Amino acid sequence: MIFIDFLLAFVIGGLICVIGQLLMDVGKLTPAHTLSTLVVAGSILAGLGWYQPLIDLAGAGATIPITSFGNALTTGAIAEAEKHGWVGVLTGMFEVTSSGISAAIVFGFIAALIFKPKGKVN
Amino acid sequence: MVIIFKTKPSIIACGAVAGPLEKKSVFYSYFDSVVEDERWNQKTNEQGHAMMIQEACNIIMKKANITNNLDIDFFLSGDLVNQMTPTNFAARELAVSFIGMFSACATSVSSAIVASLLTELGASKYAIAGSSSQHNSIERQFRYPVDYGGQKPETAQWTVTAAGYALIGKHDPKLPSIVAGTIGKVVDYGEVNPFHMGGAMAPAAFDTISSHLKKRNQKITDYDLIMTGDLGKIGLKILKAMFAQTGAKQEELDIFRDAGAEFYGEDKSFQSGASGAGCSASVYYSYIEQQLKTGRYKRVLLCATGALLSPLSFQQGQSIPCTAHAIEITME
Amino acid sequence: MKKMALALFCIPFFLFGCSGEQLVEVKNTANAEQNQNVEEVIKNSNDVYAGNAIFIDDQLLVAVQAKPWLDYKKSKIEKNLKKQIEEKYPNLEVFVSADYKLYWETQKLLEEEDEKKVSDELEKLKKLAKEET
Amino acid sequence: MDQQQYQQIEDQITPPTPYFKNVIKAFLVGGLICTIGHAITYFYIIFFDFTETTVGNPTAATMVFIAMILTGLGLYRKLGQFAGAGSAVPVTGFSNAVVSAAIEHKTEGLVLGVGGNIFKLAGSVIVFGVASAFFVALIKLILVTMGVVEW
């Protein structure tokens, strides 16, 4: 059972990356365009209420891809809107956080202090 | 537009230096010096870039027995960094009359054409011409930070860390001489992919080479070698296909070579090959000059190509305008 | 590619291995009948493959593991089980969770003798389960 | 030779994008990264007080940290060349974009360089994430007010 659990994480996570690869190769999008598209897709899925079931199903297979960032923000905003109505849509923006972003900022800053860019090819 | 140099200015001495990765280059043994540190022991990439240019100039002066900077009349050079600060800073140290030249990766040849003109005019006894590029400082400006994990397609090219400079002076029958040059026009066949420079630049090379041959009333076979700058493996194939379509035979196509395509040999991790203003310059002003001197080649056409894009023009959805300049060098 | 093929090859075996009896364990201090009934309810649910149930006073905590491919309807499975148990024992305060954390911790509690500890631990788990991101 | 003729020659010679190979590589590497993430979620659930609902944050932070080390050592770039979207789409790719920009601009100082450029590549992801969250929540609120859907 635990094996199937991991397999689902692998397959769902892999498939989300495949969508990204197709956007890059077939859609000729730059990485920045691709990631932005996926984040917006995550938001929309969250709005439809479909992303949480995906997380329940695939675990990290759905939380690790960048789509979950759109989901986290939207879920937070919707929860606030549910509680406080129209004001909530606005205040929801300040309530929601994503650990991925804060972690990336902190670690990025630390990395800048200790590493030097490498221009080596192999 | 073809210019014929009646006084046949000569290439008196050359200096080519390269970065640590360029040890992998097939032209490595022809370079004058290779530095272990990508930043030339400076604090920033751009300072290292400037240091590399200075070193190439120092090598030339040593080779030509010039002890005083002031004996050099002109310094004509360019690079790819915004406002060409590395070249400007190197020129500050050199302290001679200087004009920054920009034709992107074709600067190696365009600067040599201007230096030859000044020599022909009698205004210059010694003029240093050439160009350079440093991988890290170019990549971060045109593409992504060097440690960013973006996937490059097979058509992508690797910006070299190298500088190539030539000292151009009065005609000397024992030295390679520049007999003609063609200043190319800007050609744009609508390529928009910044990872396919070879495809963007090939039409410019085709245009410049064919008009040079036409105006000079020459055939491809009049040359021992026609070498383009940094079309890369795929760009060179496209150029050959263009000439094949206009009726060139296989033995004529074999005369064509490309510095960028050969620079890193068959190493697949560099995709289509090398690029950058330092690519053509470091190969022309080391390997080619030495081959001419040894007499292996008697007449060569060097056609450096340049893609005149900026990160802004690409983001604004503009196609990539390209240019190519050519010089014809002979050895008596 | 070889690894992929191997993994795909293995799936049927795992599926086969799972189709057997569910692993349900119930910890009850007094009522054997209650014990039996709750076990029955969990076992009758085709969506779960394992479950632990712990009674303490008039509280019941059920931690189940849904079959991984049914995880997407986890919250429905929780609700269903809760409803079924509550129908049988309206007096019990029932808490059902399909979260792995609760399953893992209750597994350990099954062996625990000290009632006070079990009670404290259950409170903590319920609180944890209600936490949002 | 006109533009159309040239386009033909160029298309003939330019090697086609290896769609299938790229997709397979993206699937395998992306799947693998998510599987590693999944293992980390179990680690946090078993050894710390996290549930499946709350484990997302520490997992993402750990993955971001691993990606920082790989980026600093210049390894993530090689992974990116191999895997494409497989390494760009997971949160580790976001980390790589932030960290590589931070390291790159260290030479312009901590404020103008690192601070000013850290989101050079990843900024658009945040902008579109927050903006789309706002609009999706707004649309949902409107639909709920109109009685078309429920929360």
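Note that the chains are named A, B, C and D in the order they appear, and that numbering of residues resets to 1 at the start of each chain.
Operating definition for what follows: a contact is a pair of C-beta atoms (placed from the backbone, for glycine too) under 8 Å apart; a residue touches a chain by one contact, two chains touch by 3 or more.
Here the structure is a predicted model, which means the values were calculated and not measured.
With centres taken as mean CA coordinates, the chain nearest to the overall protein centre is D.
Simply put, of B-D and A-D, more C-beta pairs touch at A-D.
Note: centroid distance chain B to chain C, computed from Cα atoms, is 71 Å. Averaging Cα coordinates per chain places chain B and chain D 37 Å apart.
Chain A and chain D have CA centres that are 7 Å apart. Centroid to centroid, with C-alpha atoms defining each point, chain A and chain B lie 44 Å apart. Of all residues in chain A, those that touch two or more other chains are 5, 24, 31, 56, 58, 72, 117-118, 120, 122. Multi-chain contact residues of chain B (touching two or more other chains): 140, 145-147, 150-151, 269.
Residue numbers of chain C whose C-beta contacts span two or more other chains: 133. Contacting chain pairs (ordered by label): A-B, A-C, A-D, B-D, C-D. Looking at the complex, you find that chain D touches chain B at residues 1, 3, 5-7, 9-10, 12-15, 17, 22, 71-72, 74, 76-85, 87-88, 93, 96-97, 99-101, 103-105, 107, 120-121.
Residues 24, 28, 42, 45-46, 49-57 of chain D are the ones touching chain C in the complex. Those residues of chain A that touch chain D in the shared complex are 5-6, 9-26, 31-32, 34-36, 38-40, 42-44, 46-47, 55-56, 58-61, 63-70, 72-74, 76-78, 80-82, 85-86, 88-90, 92-93, 96, 98-101, 103-105, 107-118, 120, 122. Interface residues of chain B, counted against chain A in their complex, comprise 19-21, 38, 135-136, 139-140, 145-147, 150-151, 158, 161, 269-270. Partner chain C is touched in their complex by these residues of chain A: 1, 3-5, 7-8, 53-54, 56-58, 72.
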